[in-house]
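One structure is given here, and the rest of the page talks about it.
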């Protein structure tokens, strides 16, 4: 398997140049477009890694499935489902035309910004600082990495420039879907997106989702298997932005990408995969990362279909 | 397993009353709302069936994955992909605002009417009658049932009243995505929707998709396993209309429903399931049928996530 | 006033080169991009004309207000209003998402194709050929020109290639807003768009609208003044496609443009104006024609605001 | 004319009961649904008034044309036009899907909230408090009423609950269409909407627009006639929300309504009309007020078409 990963690294490195660094905040534009790292954690306990797998980047939207897990743990499936829908057709911006609160919540989904901001208000904690700490703790637990921490520069930058997210939060509030102070909720959300991780971390989190809630080393159950079904199903239908259908056809496993360049893929019962390559395609997904996953899926028959 | 199916039949029969018969053509409104049939074909060769599994109904949208398979067999994956997109976000009606042909084809998908009409023009045949015959033959082969035939009354009714489909076809034509005579293409499409099947037939077709292209008895390969991945992935993201995300979360297997009351479900490597119950929910899916599948999935751990 | 028109002709002729000939049917693409004709009919009985005011072109969408007048004459205001809305926000294509018939008719408006096709079915006649003849007769009467006739080549071309209009007509039919045979209705619509006129004809029709229903020479009343208010109000809010708001601000009089290059402008109580210049701007309005009208309005204080 | 107004008051008073008080802020819901006041200022210097014409209410959206006038006075037509479009098709919420700044500004219009918020940032002043003071001063000048002032309770209520407007402001900011602090801009906007006026005030402002910029008593010119054309044209196409087309057909004069129950109507060269009746129809326009205007227009031939 080491050979296969080396091969994929060589084959896919050239694609890094075809992508574009996210530039909506200056910090992300500072990335190194050549980077490509791959980490695979298998259910037999083995792990394989190549390239820039140790490099750190911000988790960005890959935090959304972790946020969803915490919301499920804190509130149960029925409550979360009643507040935030699960359809891929629910485009966040279109939803703003909706005048009915229940219709709006049906049009949200946990993988779009508006749904993720709403989820911040569902997780528990006396303060939003405490809520973020609980999210960070869960991320550390799932990744088995107590050193995961906040990228302060990215966080400050997101907070300063995140006016579209502010707009979404105020819309939620105007529909009664957000009770708390908008800036406090957003502060938690901006911090969540700015958690600094590496490919290994994403592979570990993906593995726990593949393993339906149990940690790899200790077999400790972190969440019920039912929640893995819930999260993985949503990743399959909405995890790769507007490229989710294409990814389902080409790769065939649940995955989540972030504009920081990370992709977390979940191969149920078999493996968790973390990829990092900051050059993005037109839909916001890591371009070389998607290439790696497509090839890996075909050569190792990973498609769940 | 017989007991489980009997149990599900008893539990879910009451839900039949909560649905509504499709009424856009008179023939469909004549159905018996109480009907509920279940047929399961397993990979060990065994099959189980209860209730009204022998009752015939028109295949309607469940023909779309078969149409897609034939289009793939006739043209290959790349060609089909270049003509008809795969995103769940591609709502057929919204797409009409699109002024660019390549953008429109990207917004189609094989599980919506506009995409399915376009697929009729992709399958091969000297005439559209021949194309339909080839589709009917493939359906018979996949279902292992040479007696499957057209429901003439439903076909005539669809043809007479299908003006929305006519509108979609003329839009395709106006964008250069349909070369042939619109009425001929539609005639093929209306016939395709009017193929008369029963729960067993759907279970058999679903099984071949679960079995990645090989028939159950003879192990004969009808299509490459790659096409099963392609079709099943699309069923997962778009097979249950606007309830696809919910179905992925609750049931977790690829499936396709039709307004005739049928649902075909695919449990990769394990089983094909055919359900019939003509009472529909607000999204056009068999209401009692979805209840059966949710319970069956939970009790037999069918979710692929 | 002759001097003013000569001045405008000289000033605006250079703009003809900036426009583009309509090319959706070959016949329209054969026009001469340099053409510019202006005809002004005043309420004091005088008329002024310069440039290519005798050149003939097809009326295209400028027939829509005449169609609306005939529908009003045949059915009265309340009936027409109940079938076809009057809001500028009613985009024809968006309306297709609407599932409710009354909502759809509210979203139509007489100046978009879908609304105009619906109007063909409102005008009276034993056959659609007779309906078209009545429309042609009304056009001749309003223009005071018995020689106005059909451009057969353009009509045949529209009929052959008008698949988007076919789509719209079938949508109307599927919502129960069209009872008759689609091809017959469309035949009438395609002929209506292919009526051959010149700048003088448009000025005369515009004058009758400005004169609230009475012919210039004889003072004969063709329609009640109430219908002039109805038609002119709709021209103001929707007559210049997506440029209607801009035109209201810059020119300030009701007007209707067509892709044949014609613009008919109505200066209530004062004058009717007909312009012809086939080079179109990005919104489908005659580019040099709009320039002429803006300058004429400013120098003669035509704005009704 | 006194008799006519008394007649209209008697005929239209029953309609007040069919409307609904705006309830998005508690202060507006406290209005008296029976109120109906009419004030007409004619160009011959005479004025006529009946009913509750002295009652005060908040100006709400009727401030938008005054804001637009001030933006025009401070920046000129070309600059304002380049920042805020004029099409009725530009729905504020739909515009949020737009990713291109110039496209977004084209889709704004001065009569929708998003456009009006953007206009607050165009008017001049060292602080936003000073900008509001200048707007208040202009309102007083146009209305000839130095006692017009802010309704503090409504203002505080708007400020506390105006989260949808906050969302719109942050969207403007995220597209670079708003440079200043969002809360400061909104504070100015909320104050603008909370200016307390009566029917007479609206009639006076409407009269200056009808009189193309000159005050009634002194003939002093407050703004160039060109700006009256600009504002009145926009009122005609977008002044009555989604009922603008219907109002153009039925009444035929530029007008602006507000959810406080006011309508200001402009009859170019002839009169300004102010109406107050707080019961609103489904589109947010004063229901009895629109009835009064329709009847007044028909009996006095006010339609400009």
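Letters are used for the chains, namely A, B, C and D, taken in the order the chains are written, and counting of residues starts over at 1 for each.
The rule is short, and it goes like this: a contact is a pair of C-beta atoms (placed from the backbone, for glycine too) under 8 Å apart; a residue touches a chain by one contact, two chains touch by 3 or more.
This one's a predicted model, so the numbers in the text were calculated from it and none came from an experiment.
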| item | value |
| --- | --- |
| For chain A and chain B, chains touching each | none |
| Per Cα centroids, the chain farthest from chain A | C |
| Rotation, 0 to 180 degrees and nearest 5, that superposes chain C on copy chain D via CA atoms | 180 |
| Separation of chain C from chain D, taking each centre as the mean of its C-alpha atoms, in whole Å | 32 |
| Inter-chain centre distance, chain B versus chain D - centres from mean C-alpha coordinates, in Å | 54 |
| Inter-chain centre distance, chain A versus chain C - centres from mean C-alpha coordinates, in Å | 54 |
| Separation of chain A from chain D, taking each centre as the mean of its C-alpha atoms, in whole Å | 46 |
| Sites on chain D at which at least two other chains make contact | none |
| Arrangement of touching chains [line / ring / star / complete / other] | ring |
| Chain C partner contacts - residues on chain B that touch it in the complex | 93-94, 96-97, 163-164, 166-171, 173-174, 182 |
| Parts of chain C lying in touch with chain D, wherever the complex brings them together | 81, 85-91, 109, 228-230, 232-234, 236-238, 242-246, 248-249, 252, 254, 268, 303-305 |
